[in-house]
Every structure is written in structure tokens, then in C-alpha cells.
Amino acid sequence: MEKIIKTTGNQNPFGYRIKKLRSSNYFGPVTALVFVALLFTIGTKGAFLSIDNIQVILNLASVATIMAIGSTIVILLGCIDLSAEGVLAFTAILCGYLLKNTRNAYDLGIAALPLVMVIGAGLGLINGIITTKLRIPSFIATLGMMYTAMGISIIMSGGATIPVRDSELQTFVNGRIAGIPTLFLISVAVVIVINIVLKSTRFGKSVYAVGGDEVLARQAGINVDRTKIIVLAISGALYGMAAFFMVTRLQAANPQISKGMLFPSITAVVVGGSSMSGGIGNATNAIIGALIVTGLNNGMVLMQINPFIQGAVNGVVLIAAVAATMDRKKIGNIK
Amino acid sequence: MSEISPVLEIKGLVKCFPGVVALDDVDFHVDPNEILGLVGENGAGKSTLMKVLIGLYKPDSGSYLINGKSVTMEGPLQAVERGIGMVFQEGCLIPNMTVAENLFLCHEAKFKRNGFINTGLLHSEAEKLLGELSVDVNPGAYVRDISPACKQMVEIARLLWLSRDSGIKNPVLILDEPTTVLLDDEIQVLFSVLKSVKQNASIIFISHRLEEILQLSDRIVVFKDGKFSAEFTGDNATIEKIEENMVGHEMAEEHYRESEQKEPADDVILEVREMSMEGYFDPISFFLHRGEILSFVGALGSGKEEVCRCIAGIQKPDKGHILINGREIRLGSTKAAIKDGVGYIPIDRRQEGLALQLDVASNINFLILKKMIKGFLISPVTEKESAEKWISNCQVKTPGIKTHCSKLSGGNQQKVVIAKWLAANVKVLILDHPTRGIDVGTKDEIYHRIRELAEEGMAVILMSDRIEEDIGLCNRMIMMKDGKITKEMNCPPDNKPTPLNVIEYIV
Amino acid sequence: GQQEAEKPVTMCTAIKFLDNPYHIDWIAGGEGFAESIGMKDMIVNQASQGSSEKQLNDIKALIAKTGGNVICNIDPNQAPDVVPLAKALEDAGVYFVTWWNKPDDIKVWDYDHWVCHVTFDGVSAGKFIANSLFDTFETPGKGKIVALEGQLANSAFIERWEGLQQALAENPGVELVAYEPAEWDRTKAFDKLSSMLVAHPDIDGVWAANDNMALGAIEALRAAGLAGKVKVCGVDGTEEMIRAIVAGEACATAAPDAKWQGGIGLSMAYAAKNGELDVASIPKEKRQWYATMVNIDSSNAQEWVETVIEATPEYDWNDHFGRFLKTIK
Amino acid sequence: MADVKISDIKKVGGIRRLVSDLPTIYISLFILLVLVVVLYIGNHSFLSKYNLKVLADGTTILLCVGLGQVFVILTGGIDLSVGGVMSLVAVVFLSTVEHIGFAAFPLALAVGAVAGLINGIVYTKLRIPSFICTLGTNGIFVSITYLITAAPISAPGKVHHYLDIVNGKIGGFNNGWLLAVALFAIFFVIQRYTYLGKKIVAIGSNELMTKLSGIDVNSSKMLAFMLSGIGSAVAAVILSSYLYSAYPTIGEVYILESIAVVVVGGTALTGGSGGIVNTLVGAVIMSILKNGMTVIGIDVYAQQTFLGVLIILAVAASFDRKKLSFIK
């Protein structure tokens, strides 16, 4: 039988390849990254791209990446997770008490990592249960969790800092393997794992389906609530992981450790090319976004931009980078 | 007949929505290896019944038996496990996922290699499946990028695969108005597939095109106002009998209100000059007179859709001019087009036609709000009056003017779109599949309204899914093929061409 | 209302952040005072969380709750906030003490219930830690430093910054090669200094506007292998910082002694409330004054650990003006 | 063929119908009532005249900034620049009132409106997500504020009489509240009874449909941002009059709070549903929660935890799920 529904497409192989590259979800964000790098390399007469500085950027971007992945998977659902700062503070305090510290006799070392990830997942799970079972917007559920977890972390710590004294772990997280910061390698590993989960498991497909159209996903037989709960739990676990590395790096745990990290994290998600309305993006987008945001902050420091106008420079570069590189075809409505 | 035990049976089903009784004490059954045609007016409860069958809605009361055993249906996934699958009236493909991903959504487990889902396996199975239905679409294409007809076929492919994969002996496939965006060829492909599937499955087929129902069904059930109204076997049914049971009275002899067709005025209202769009259509020119109904006929890819979308300002032609009353309008701007009196009823009501979250009144009045401004403000009284007038004119069945459009039946949503544009009182109205999913009774009413507006001077460009509708309604028709006009034909009421006359110019 | 007035007076400590060690010490000091007069139950603590409006509304809510039978010891969210606070408290007849900065044209003696406004000399603190830092250089008084700024436009920060500038002017051998705002925050200080060290790996010291940032800076230096070699300094006199001085990673801090602030403020307001302290008869120069700040460096850090941190310091809460340094002009 | 009348459709009777048709706003009001009663039992001074004034003060600013934010959220966008706009307006207001006197009030409004319009223009012309756009412009506005003043501005005594225009009273009502009520009334009319309001809601419901209906979507979005700027400006003027001061971070805390007020009131972040009245309810709920915790004497360490739980409970009880087929 004759084929009756035809797809029109450019069959020219070279043109097609360019088109495919351009339509890739990474094209815009990578261009933005290159744009930022170029800007600062010129601005700093090359210092921005020195080996030393790249190592610093990769190191600083690692925690940002892990956090941004947590935010990304929630945003993939079309939901939002405002609890990051609270969950991070909560798990950070736990880390403080579980690692070798001056307050108690615990010294769990690296074993504290899975533990705080589980606790973080628990908080995420509660987020998920609240938003799905009470049927309230994720914005509210996670806002509530943000206050609650932050409040509890203040109570647990009494507001004071818990000094950590695990120099072995600190040396480890500050270390490098073949010149690449260990922490960055860890965050790349997280990117790979999350991407495999998203791309090659049933659960991953259901995340995209829910993000694409929740009603249709439900009609197709997807357990929307379960998907959301699991995603929020994973994001909680990732915040726990980020907290662990922050605490070992700073050798101190304090509820204010996460202050002001929410918006940069969501910014990383968006500049990385994920769509705020859900269904588009993955962990690779998150790491690109984290590199852009970190590179931007680092570049401004290297260029010694006047502190009073750093906000403006940050704003202008952010807007310019996204405006110049965003793929507007994919995201139908730009909200 | 009662010797064969039904695969699926519903007894005493009641389903209410806030303010509406959608299904009122319904008994319903499906026999093995039959194609069951389900018809009824818009809002009769057909889709609701189907959604109850697959567990999407929980009934308020009633019993549900599968193969004689009583069951409770938890949700669509469980329905699929029990061999019941559905193609939804509103479509259910997820736009940000690929065709292959959509085809096997929730069933990826079958495509694992080393514990992970393998995209290659997904794609090869998808290609095979789509090939069977003669759909040529790249399995890796995103659903948001494919045409409505293509989407419909993908959904059918999905159902087909489900019916075989489930391993159930006699699966039940539900198709809720699958043919509204398909062309005749595609429909014939679909029908031949359904007839072969019937050998080991039962099919529930919902449509407002009674000929299709007659052609396909072994048994026909008619619904009215949420109740069972009549049942026919495939042999003893006629369109007239069905219509009578649906509408409650006999329908007029003529189908398209041909007797109300008037000669258009002499003055040209719309002129298209040498308009072209690379890859879609070659330079074309034509006129449209005041009060004229002009049909564009052509297969998918003939360029007629793009021509109309260009006139409406949704797409921008590469070259050419569009003139309204002799004055040139800005190309590629819906705002300019509407300002100059060109309206467009889109094929895709969910995406382009309606705000589902808004109430019926807001949707209907949306285009004429400006006329309701008194001083600075819009009078709620005027809004209410206008909404009520058009609800009644277009026979929209709704619990109230403040009901959200998402709570209306598919056909009633379509009526809201039509009401919205008829109310706008534009000079030129382009109708892209206007009667998609509308029941016969209301169709007649809408034909009447279109004729009335034409008589008052509105010019209409029509693209229908049915050549008969095109022929029946129009004064004149333009046939297109491969981006070119192949023929122009007059269609006076007393001398309408036959579909066969037309088809030779479009394929 | 009515019954409340006969109850013992409620004592309110209004601070900024609950997650800040400096402010936590305020609460401890306030509770210490209350305990000394056997009224620990009557303590109410409030935190503005950085919102001036919240601080004002919370205090008003407390006035409503207690029917005005309350005294307040307040660390205003921002310097100018003393104006609406003073209006509200004066109207309600509540005795109160405020700290740190206030607008110059606002005079405490224009309000009958504003017992005192006490501040510290931020300029000399900023200068003291800077000079201590310069002394740690290989060749004292000659080298490069970077600085971590606090919340820009914050009065306390502006004063400390002025102190740094004065120290730099007096030590032409020291060059301030870069400065970045880190908003009082440890994580931000870590991130910023990590980047600054790329451009300036050869610095001799880090000046931080508070201890929290200084502590973040120490970890950034550690990651770069410079901890202990390059010294940092800060202000606030927090326990961790003083221990870091003992450990040789930091060189100086200035302690306003938050516990004393928390206690003495309530003590003064309490004395005014029960008539022991007649506000009208306090001389004007003692209504708004500078208190002494303890400068801590390697010479006295160990002693501070032993006497203040590890032992509970004994405060004489009745000695209201014991730390009077000079009057605010 | 006979016309179909609305009344032809069968309706469910009885209680079920009553409950299902009950507008959410009544449910929200009921929750409010419960909250008030509980707090009153907790401490009778919650309803004292003095505390009612404190409550009104607390609601005023949240309401104004929320009223602006809600228009942007109705279009489906988000405005993270309200903080920067508030800081900028407050600083401009206080630094000019000394020199130009009363004219500082319209100037403040104009600054807010222009800042909002700039947001709108950048957002629609560059076609970038509003999240990024307003995050960026927020940085720019704050920087401008720093350039105007590097230190907190305290209003000198001689301008207090201008600020007391806001702090003053008419017939026992604080002028600040009256200002907020006026803003509420104007914005209510804009949302309900003007073309602009209807367009904004339609954009949030289905932007493509709105565009295909010939609406200039961009101009409406710009105006939505401008309204947000005006809301922020009014909030900033009231706030700086109330505090007699302004500083570059004065607006920061209102970014999240303004969104929270809107969402707690029941407006969907996806746009198209909810609105002005919801925002009023949200502002009142939020300020009652905050004030109530102090009045019934919850320990400061537990307040955040309580607030978190209470917000969830308040929304869980009052949120209208019927209209929404999904909740993100």
C-alpha cells in the first residue's frame, strides 16, 4: 500500500546534520557557556581560561551541579522545589553531627553520605506525599518544607555552627584526579547516573510524560503521583549529597550554609536549557547551567567588577546569554 | 443473540459531574469479535461511558463485569492489563516525547537490553507497526512536530499494539471519534485494519458520521441524554432511523441546507494575488465575493491548509498580496488579519481554539469584548446576554455560562469555538474542519447559521474533512494538488458536482 | 490586656537571624540576665530574618499580646529602623535599648522610654584587625591583601571598611589588590576567595568584615594549600574564630561581647521599668554611647578561651555603664 | 429545531450540588474565620484594637506587592524583580522627597511603572523566560539603587510630615491601608471589567489561542509587568514611609513573599486561574499566620517550622482543586 502520510524534511545530509545539531537541546546553552567564557577570557586577558582557574570553576560548579540536578528533575515534572535551602540546611546539620566534630563523638566519615542522602530523600518524600496526596501545588508544599526544615535545623543546631574536624574527607573533596577536581568527577558521575535513569528506564519516561502533559500521562496509565513522589525524593537525596560536600569542604555546619542558593540553582536549570514548564531537559543541561552560573560569578571576581554593579553585570550577561542562545522553537510558550 | 456471553458488561451505571448527570442508569455490553458503533448527540455521555470503562472515571453506582466476573477498574493501566485500551477523542500523545516513546509508553519493559530501555529496539518496533498502518513518520520525531492526522494514526497504532501485546484473548479497543481529522484514504486504511483486528478483538467505535458507523458496525447503540435510546443490528439500521433516535425527530431531506444557498454579491471582498510559499504552494491568485462560500479541496500536502493559514495571518507567505475590500493587509499577523475582518476557526480546538480553563462565556465573548466596553469597562450584563444568545444559537449543551470549557463534551467544545467566531461577525471567515465532532442535529443548525451570515454578506472559506460537506455547502470550489490550483468549479444548489467529479482533480 | 498588666514584665530580645552565632549569643546573654533575677520564663525572643517590616510588626504584636507590659533589647535590622521602632515603643510606653547604628539626627533623649542607644566603634575595630593582619606579614607592614566585604550599604560594614581604609593609608607598604562582597556569608566567602586566589595567589593576608566570612576564607585557603601561611582577620569575636587564632590560622578579631549586649540591654530597660533607673535623670552623654570592644589577637586569644568561652563569664548586670567608652556625638 | 436552553440540562440536586457549586472563596473565608477563632481563643488580645491595626499594617505591604505580582502570574509568567523595584522606588522616593516634596509620590509610582515596563519590554522583545529576565533586571535595579546610595537612607525629620501622609489617619483608618484598598479596588476592576484584564487571563489560559484571536499578546504582557511595577511601587512607598527609611536590600524579602501570597490565595502558577480577590485572601492569611504566632507566643525557634506546616494546612484546606484538572 502507498504511504499516505508524509513527513517533510530536509534530506540534504550536511544541512540536515547542522539542523540536527542546532535543534539539539544543548546547542543554546553550550553557546551561552562559550559566550560567557569568551567574554571573560577577553576581559581577564586569558586568566579566565588558565588551568588554575578552570580547576577552581569545576570545583565550585560541582556542588552547584548536584543541586541543579535536584532542581532539574522536579522542574522536568512541571513542578518546582523551593525546599532546597531548607533540606540542605537540615542535612548539613546532620552531617555536622555525624562527621567528626567538636560537639559529639560520632565520626562516620564517608558513611555519613548515604545516611544524609536517605534523610534528604525522606524529606523529599514528604514533599511528594504532601503535593500529591493533599493535592496542593508543589510550590506551597515545598515552601512549607523549606520553612519547616530550616526551622528544625535551627532548633537542632541551636543556631550555632557545628565545627567539623574531618580533615581527611576535606582533603579528599579538595583533591584532584589527573588534574580534575575529584568533586567535579563525582558530579559528572551523578549526571551520568541521572541521565541513564531519565533516558533508559520506565520511570524516566514517565517523568517526561508527566512533565509533557499530566492529564494525558494519567490517561496513558502512568502513576503520576508515584512518579512525582519518587522524583521529589531523589531531589531530596541530591540536596543531602550537596550538603555533605559543602560541610566537608567548609568543615562547619550551620543552618545558614544554604542561604541564597535556591535562585542560583533554578537559574542554572533555566540557562542550562531546561524548560520551566516541564518535559524538556536533563542532567546534562543542569551541569551546563551550573558551569554558566559559576563561570559568571568567577569571571566577575577575576575582572574585579565594582561590587555595586555586580548585580547589574550578572543580570545583563544572563539576559544576553539566554536571549542570544535560547531555542524558542522547542519551547512553544515562553513564560 | 444471548447465547454468546459478552466480554464486557455494564449494569445500572450512573455517573454525575457537578451539576450534570452524564450517565443515567445505563446498561451496556460488548460481545466478542464485534464492532460496536456508538452514536448520540454531543454531550450524550459516550466519552464519559468509555472513560468509565477504562477506569478513568469512577462511577457513582452500577456494576462492571468482564467475562462475567464483577470487577472494579482502578485506572487506565489496569484496564490495559485487562485488555481494554482507548484512543481518546481529545488525543493523548505527549508532545515533548517522540513517536516511538509515545507508542510504547508504560510498556517499555518489553524493550530492555541489559536492564535498560533500548531506543533502537523501540524504534524498529515502531517502524514495523507504523508501516502496517502505512504511516510514514520517523519514530524519533517529536509528537509536537507532526500533523493532527499523523497523531491520530499514531494513536491507533498504539492501540493496535496494545491489543496484541496484552495477551488477552478478546481485547476491547475503544476508538472515540478517531476519524474526524482523517481523509478518506486514511479512513479506508483504518477500516481495513479494524476489520482484520476484529477477528480476535472487540471494537467500540464512536463517530458522528453515520455512514461510517453503518459501513463498519455489526451492532449500533444510540445514546440520548445519558441514557440508552435504541439498538440496531448492522443490517437493519439506516441513517434515517438512527437520526430519528438521536435527535428525537426526523431530519430534513437535504443535508446542507442547499435551499438556503444564495447567489453571492458581485463585489470582491477578498483578493489573493500571486501569493506563494516555498515548499508549500506555488503563486496562486483567487477572489472571494461578498456572501460567497468557497471550498478548498485537496489532499494533505496539497497546500490548501497553508494558503488559508496565510490568509489568516498565522503563517507568512514568501511573496504576494492579500487585499480586503481592495485594501492590502499586512502579511503574517493574526492581529492585522482580524482587524481587517478575517477570522479563522482552527482544526485544533484544544491548542488553538479554546482556553479550556476559562468558562464558556469568556470563550464565546473573547473576540467581541472590545465592543462591550462602555467607557472603560466591560459590562458583565452585556457579557452574559451575549454568551446566552450564542449558547442557544449554536446549541451548546452546558450546565451554565460559567462552566469551564474543559468540563464540556468534545462536540460542545467545538460549538463554543464556532460560536466565538460567528459572534465576531467578521467579513471573511475561514473554517478549518468546522464541524469536527459535532452531531448531526447541531451540524444542521450550524449550516443554517453559516448560510444566514453569508446572506448578510460574510464570505466563507471552507476546508472540510468530507468532500460531501464541501460540495454541499459551497457556492464555488477550488481544487488544489501539490501546491497548485488544478480546477475551479461552481456548485449551484441545483447542480452540485459529485464527489467523484472532484476527486479526479485532487489525487 | 488588663490581667497582663499585673503579671511580671515580659522581656524581649529582638535580633536579626537565628542561624548566626553572634545573635545566638545575644539570646544567651538575655537569658543569663533573666535568670539572675529569677525571671527566665518571661523571656521572648524575636528574629527579623532580614526584614525591617517583620521586626517592627513582631514587636507591635508583642505589645498587643502583653498590653504594653514589656521591655525590649533590640538589634535593629537596619540603622534607620530605630525611628519607627522608637515611635511605636514610645507610644506604647515600653522601655527599650537599641544597639549599633542609628541616624545622627535622631536623639535618644527626645524619647522618654528610650533608655539608651549603645554602639561600638566599627572604625577602630576594622583598623585594629587590619593592623594585626599587617603585622603577620613576612615583612610586617609590606605586602598584598584581599578583602571580603559584608552586606553593602550596611552601616556596621561601612564603618569597618572605613577602618581598613585608614589602616591602609597609614601603611603605604600594604596594597589592597582586590575586594569582593560576600554578604556576611561563609559559603559565599569560600566561593569568592577561591576565585580571587586564582588572580592573586601571592597575597599575604585576608581582611574580612566579620568572623563568619573569615572562617569561610580559611577553608578556601586550606583548599589552596595556604591555610596558616596566609592569615585572616574578622570582627565579632566568635568562638570558632578565636580558636582559629589560637590555631594560628587567623590573626585577629574584635569582640563586642554579644552575651554582654544581650544581658545589659535588658538589664537597663528592666531597671528603667521598675524605677531603679530614672531615665530622665541619666545624663545626655550616657543616653547614647560607645561601649568598649575587646580586641583579640594571638596575644590574648588563649586567655579569652579560658575565661570567656570555657568558663561562664560572670557579668555584673547592675553595672550598666561599666563599659562606657565615649559618648555618641 | 428547538433551542437548547441551559435549564434543559439535568442537574444534580441537594447538598452535593450545593457544596460542589460553592465558590472557593467561601471556603477560604471559612478557613480564615477558623484561624481567627483559634487565635482568639489562644490569646484574646489577638482581636484587640491595637493588634487589629498591627494586622492591617502587616497585610498592607504584602497585599500591594502581591496585587502587582498576580497579574504577571496570571499571564503564566513570574516577576522576580519586585524586590529590586521596591528597593529602587523606596530609595528614589526617600532621596527625592526632601527636595521635591509631594511630587516624590507620583515620581515613585512612575519609577515603578517604568521599571515594570522595562521588564515587560525586555521579556517580550528578547523572548526569554520571565524567570531569567526578571532575575536579571532585579540585579540591574539593585545595582542602580546602590549607585544612588551606598548607605541606608534615614528620612530626615523635616520630611516626616510627607511620610506621615501615608502614616496618617482618616476617620480612624490608616492612610496606608486606604491606599492598599484603593489599589485593590483599581486592580480588581482592571482584572474583572477591562479588556486588558480579560486578555491577561486569556494569555495565561492559552497563549496560542489568544494570539490567534488577534490579540497583541506582547502589549498585554508588558502592561501586566507594568501593573506589577506599580504594585511594587505602592508597596515601597508605604513601606519606606512606615519605616522612615530605605536601603538597597529593603525589597529583597518580598520576592518570595509576594509569590507566596499569590499562590496561598489560590492562584495557579501556571496562569489563567485565580486573581485579585485570591491575593487579598492570601495576604490576609499570611499576615494572620505571622502575627498570630507571636501573639499566642510560639517560641521563636519553632516559628519557622510552624509557619511551614501552617501554610501547607491552610492551602490544603482552602485550595480549589475542582477547576484544575492537574496540580503542578
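The letters A, B, C and D name the chains in turn, as written, and every chain counts its residues from 1.
Heads up, the rule we're going with is that a contact is a pair of C-beta atoms (placed from the backbone, for glycine too) under 8 Å apart; a residue touches a chain by one contact, two chains touch by 3 or more.
Note that the structure is predicted; figures quoted are calculated from it, not measured.
The chain pair C-D and the chain pair A-D differ in C-beta contact count, and the higher one is A-D. The distance from the centre of chain C to the centre of chain D, with each centre set as the mean of the Cα atoms, comes to 35 Å. Chain geometry summary: the mean Cα position of chain A and that of chain D are 29 Å apart.
Separation between the centroids of chain B and chain D, computed from CA atoms only, is 42 Å. Inter-chain spacing, taken between the CA centroids of chain A and chain B, is 42 Å. The set of chain C residues that touch two or more partner chains comprises 18, 152. Among the residues of chain D, those touching two or more other chains are numbered 146, 150, 208, 301, 303, 325.
Of all residues in chain B, none touches two or more other chains. Per the contact rule defined earlier, chains pair up in contact as A-B, A-C, A-D, B-D, C-D. The touching residues of chain C, counted against chain D in their complex, run 1, 4, 18, 44-47, 49-54, 56-58, 60-65, 67, 78-81, 83-84, 103, 105-106, 151-155, 158. Considering their complex, residues 44, 47, 50, 52-53, 56, 59-60, 89, 153-154, 157-161, 163, 170, 174, 246, 249-252, 254-261, 297-298, 301-302, 304, 307-308, 310 of chain A touch chain C.
Chain contact summary for the complex, chain D toward chain B: residues 1, 3-6, 9-12, 16-17, 20-21, 189, 192-195, 198, 201-202, 205-206, 208-216, 272-273, 322-325. Looking at the complex, you find that chain B touches chain D at residues 16, 18-21, 24, 225-226, 247, 249, 312, 314, 334-335, 337-339, 344, 346, 351-358, 362, 366-367, 369-370, 373, 376-380, 388, 391-393, 395-401, 404, 406, 441, 444-445.
Those residues of chain C whose C-beta lies close enough to touch chain A in the complex are 17-21, 23-24, 27, 149, 152, 178-181, 183, 185-188, 190-192, 194-199, 201, 215-216, 219, 222-223, 238, 240, 243.
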